[in-house]
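Letters are used for the chains, namely A, B, C and D, taken in the order the chains are written, and counting of residues starts over at 1 for each.
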């Protein structure tokens, strides 16, 4: 950690600060120049509260040299994490496509879609049972009944399932769910993350709408600090000034996170763009940039255009897409 | 609600859509032009899922004419809401200053600050017991002990208290807390909001880092839909590209929310700017723009610079500020 | 264009507005509902100032149904534009890679790089002569001498060249330049755009840091309104809250612009990310998403690490990248 | 300047870098720790290209300790700059209100408004002659005729005038204009800024839609580097995700810029919000936060609602507002 002091600081003030820092088990190197003094701190700087240090009267700014995340950090875990999900693997060279409807609606719907996507390249079934909705007046999902329908679809197709949790009290209901999803709005629901850290089940952690990569990794750290290392990161678009797309899909996070962490990274092009016509190109781009997987919305009844969510693919479009994604995956092999 | 159709839509397609909309209890007006057709929907359009409609193959875009929030909407409640807090009022012409430390640290600290800010213009005591921290390795607050210390300070000073909740399971601990705060990161923790809707206690709802005013009002709606109308909105800065300040304080929300809603609006200049030197000017600006209150961090021990948070005022600075805020309040009186 | 009126508007006020609109050669359809009245305007609504209309006391909001861009609009020009550049084509099925140094530095440097990138897949040479720098104290480019060096490299290699203009007065110097680049900071320098509209030479128009796709297309429209239809659009990253990368590359613009416009779209992954290690993955992602070309920084002297810009590839890295991009291009062929 | 090196750097690599930096007239302090090495550079670090240094293979990150702006920097010019404008002063304790129409439309209009705003508290007349419009099809202003009308209004009322320039070639037309305005879209039109640096006339420099305070000050530096120290900074809102207001007015820039620079700071609440109803509260907030002036749109013909721009005040509203602003100015006096 490097602390830059203000330029009119007295030697006495510096001495007081250095003594205090040494009391925090830091070795302090002082670089005094004409215009400013810089302190280099060597030691376990995780103990230092950066906001507190930056707030001191005599400190101009502070720069952390080591990242504040440890369990998620590639420096301390150079190999890619490979996460096991119901007999499948994700991460390293293992790529998986998760697909299914935004919401589970009925036994027929979820089973129809499950079979359809399984036959055209998806390996994991997604489907929402608990739905975070901006409005309290909108449909909130089938809840426990939705989980039961997903489990039935899992039983009949053999596909592992992924579905979103919104409340730590619901964890018992997720006992047979293969991957628990934490949605973007709950990325910093630290109480929920901590509870998921007590499990040993894969967690798909979505990046919040306005969260930095460091914050995403710190949220992963909340789960991992509890001993649950089965974290899969998910980019699903960030909020910007642009309004043509619902969010702005930030694909540069794939190679960037690849450097920072060993955790697998999947991309959700459906929620990122909010427009079905963009899901194909963005899925291919994500695969080309090196993603470990995709999570895509596919809707059950392509003939009933009135119920077609704006971002869902038809099973036919999805089948077409998986072929292209596989060709991209072949093309980028070393 | 207005739906603009794509320009190559057939009369048959339009007819199917109109019939479906009429089945949703909508009266549909059709305006057909050379380049496009526009449908105007009259009825309870809250029943229509705007995303679903916008996603239809033949629909170009949809515009909601009525806001989706109802209980919070000034149209249906023209008078300012005045919320009672431990014998005080906030909203309408009632202005309150909440002040106190970021974290409750010890009995001496919280009592010292409580007495100090009470003597210089604060009417409500703030203090964090449960602290949402980006890192699992950072201090998470004194939790239940922190609440107990706040209640002791309330007993000794008579000040109502406001403190943050992070988990609906903790509600019983907040029984004697006067205002329950929902932090920015939990603004869309809908499960928590719903539980708070079951109480009849004031809730201070902070705007999320990247949430629009409409989303803020929809989150208020979650609480109000449960019958708890005691919602106080709080602007605390949004995330932008600018890095000099921690967040960008958006004061135009004060007059804007004033039009949209009858709920009181307070401003948190401490978290918005992250810099103590900016808290004074931004507090005065907020008062000038018509805020119903302020929530300000004040730190206990101004002599110990090492523990001075970057955004906390000393009691002396706070006392100076409240005088200026009162002068501003006088100046804007009609 | 659709104008939604406020809900307490009188029939007299509506009549005055309708009469005025009809005076502007609009046919007005009125949809009157219980809560609001909606006016549908049919006619050449480009004549209506949307800001003015939206500002009227009785108008709640206005929505343009037709896009305000005409020459750039795919609706009126369904086929892809193919732009000719020194014997090459870009757009439609024609993909070109532009490469070269950030700044032209010396005859040896530019010639070395030109030959190197030509031999490994680049077809157009890029290089900065006039450099827009945030600081007046930073190197501003070799200016006219830089143009001369680029023209010499063009002569020796036969490659067309692309370089940035910052001042319409410099147009005569660009006579033999093949593509004139307008940088992100000048995207809304309307005086410059208008002058470039008087030429018949290709213009590479970069998206501004905080400009929407509609604004980008309106800036293209400034050039095209002057009769110069040779506009190539370029995505180079937008400014967001994230700080790991210099900007956030918004690849969803590729399929989105593809729908809105017939103009070719190229991607600049070097400026978007600011990090050489991300240029490869983002180039592949751009190709997979369907870009019509790439513009990539390649630096001359890979051994002299001290002069290696943070975002420039070595010739070896560039050669490796073009192979992968070509494999992606093969994979996405129908 | 502080350079943090990567953690696996060899002593030889460090030596090469140190030697190179010393060749750039830097004194280098080395702090070597277990996990990383930090170099502190003392000297005129404006000579070091921070992007270049940050791009070196062995460098992890670089932090500038001294700001890159010099002429605009309060450190080197502790007293407030007071700028003279046609016999008036702005900056220090001098506060001025600029008012007038968005566009100059006719002799009657500009003269009517000039007299009106002069009688109710404005001291400087604003009015657009050259209008930067997003669309080439929109009204672009009266241009030279507009300047002539402004000069006539100046002659008749004695008010100094401020109007926008879009092209350095137009400078001769601005000979008798008192303050030349650079609009947000041209804030980084460095060629224009440089030309204005050659004048000795006040320049009102508006912050770009997505520009940081440092970039704003660097653009001021372009003008000041040419010897023209008469720069007035103007906050007019930044682009964020929020859509209720046109832009987000960032009032924390007032105290923040106050620390960083000695230049006067004015606020444009009309363009920032785009909504006349918000102009009053935001003007008062700006005054309370310590602005040196305001620039406000006032429209000529309040009876003709059809021509009332959405963000313009009527003369009556403006007169009411100046009274309130003056009361706020009184209230904040020490």
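By our rule, a residue touches a chain if its C-beta (ideal position, glycine included) is under 8 Å from a C-beta of that chain, and two chains touch if they have at least 3 such contacts.
Worth saying up front: this structure is predicted, and the values here are computed from it rather than measured.
A.B. asks: Identify the chains adjacent to both chain B and chain C in the sense defined at the top.
C.D. replies: A chain counts here if it touches both chain B and chain C, which gives A, D.
A.B. asks: Could you check which of A-C, A-B or A-D has the same interface as B-C, with more than half of the contact pairs identical by residue number?
C.D. replies: Copy of the B-C interface among the listed pairs: A-D.
A.B. asks: Return the distance between the CA-based centres of chain B and chain D, expressed in whole Å.
C.D. replies: Here the centre of chain D sits 31 Å away from the centre of chain B.
A.B. asks: Report the inter-centroid distance (CA atoms only) between chain C and chain D in whole Å.
C.D. replies: 26
A.B. asks: Name the residues of chain C that each touch 2 or more other chains.
C.D. replies: Only 210, 239-241, 243 qualify.
A.B. asks: For chain A, which residues are in contact with chain B within the complex?
C.D. replies: 16-17, 20, 46, 49, 51-52, 54-58, 68, 132-139, 166-169, 185-186, 188-191, 194, 208-210, 215, 218, 221-222, 225, 239, 274, 276, 305-312
A.B. asks: In the complex formed with chain A, which residues of chain D make contact?
C.D. replies: Listed in rising order, the residues of chain D that touch chain A are 2, 4, 7, 27, 29, 31, 33-36, 38, 40, 42, 60-61, 63, 65-66, 75, 210, 239-241, 243.
A.B. asks: In their complex, what parts of chain A are in touch with chain C?
C.D. replies: Touch list, chain A to chain C: 210, 212-214, 238, 240-245, 248-252, 254-256, 259, 272-273, 275, 277-278, 280-282, 284-290, 324, 327-328, 330-332.
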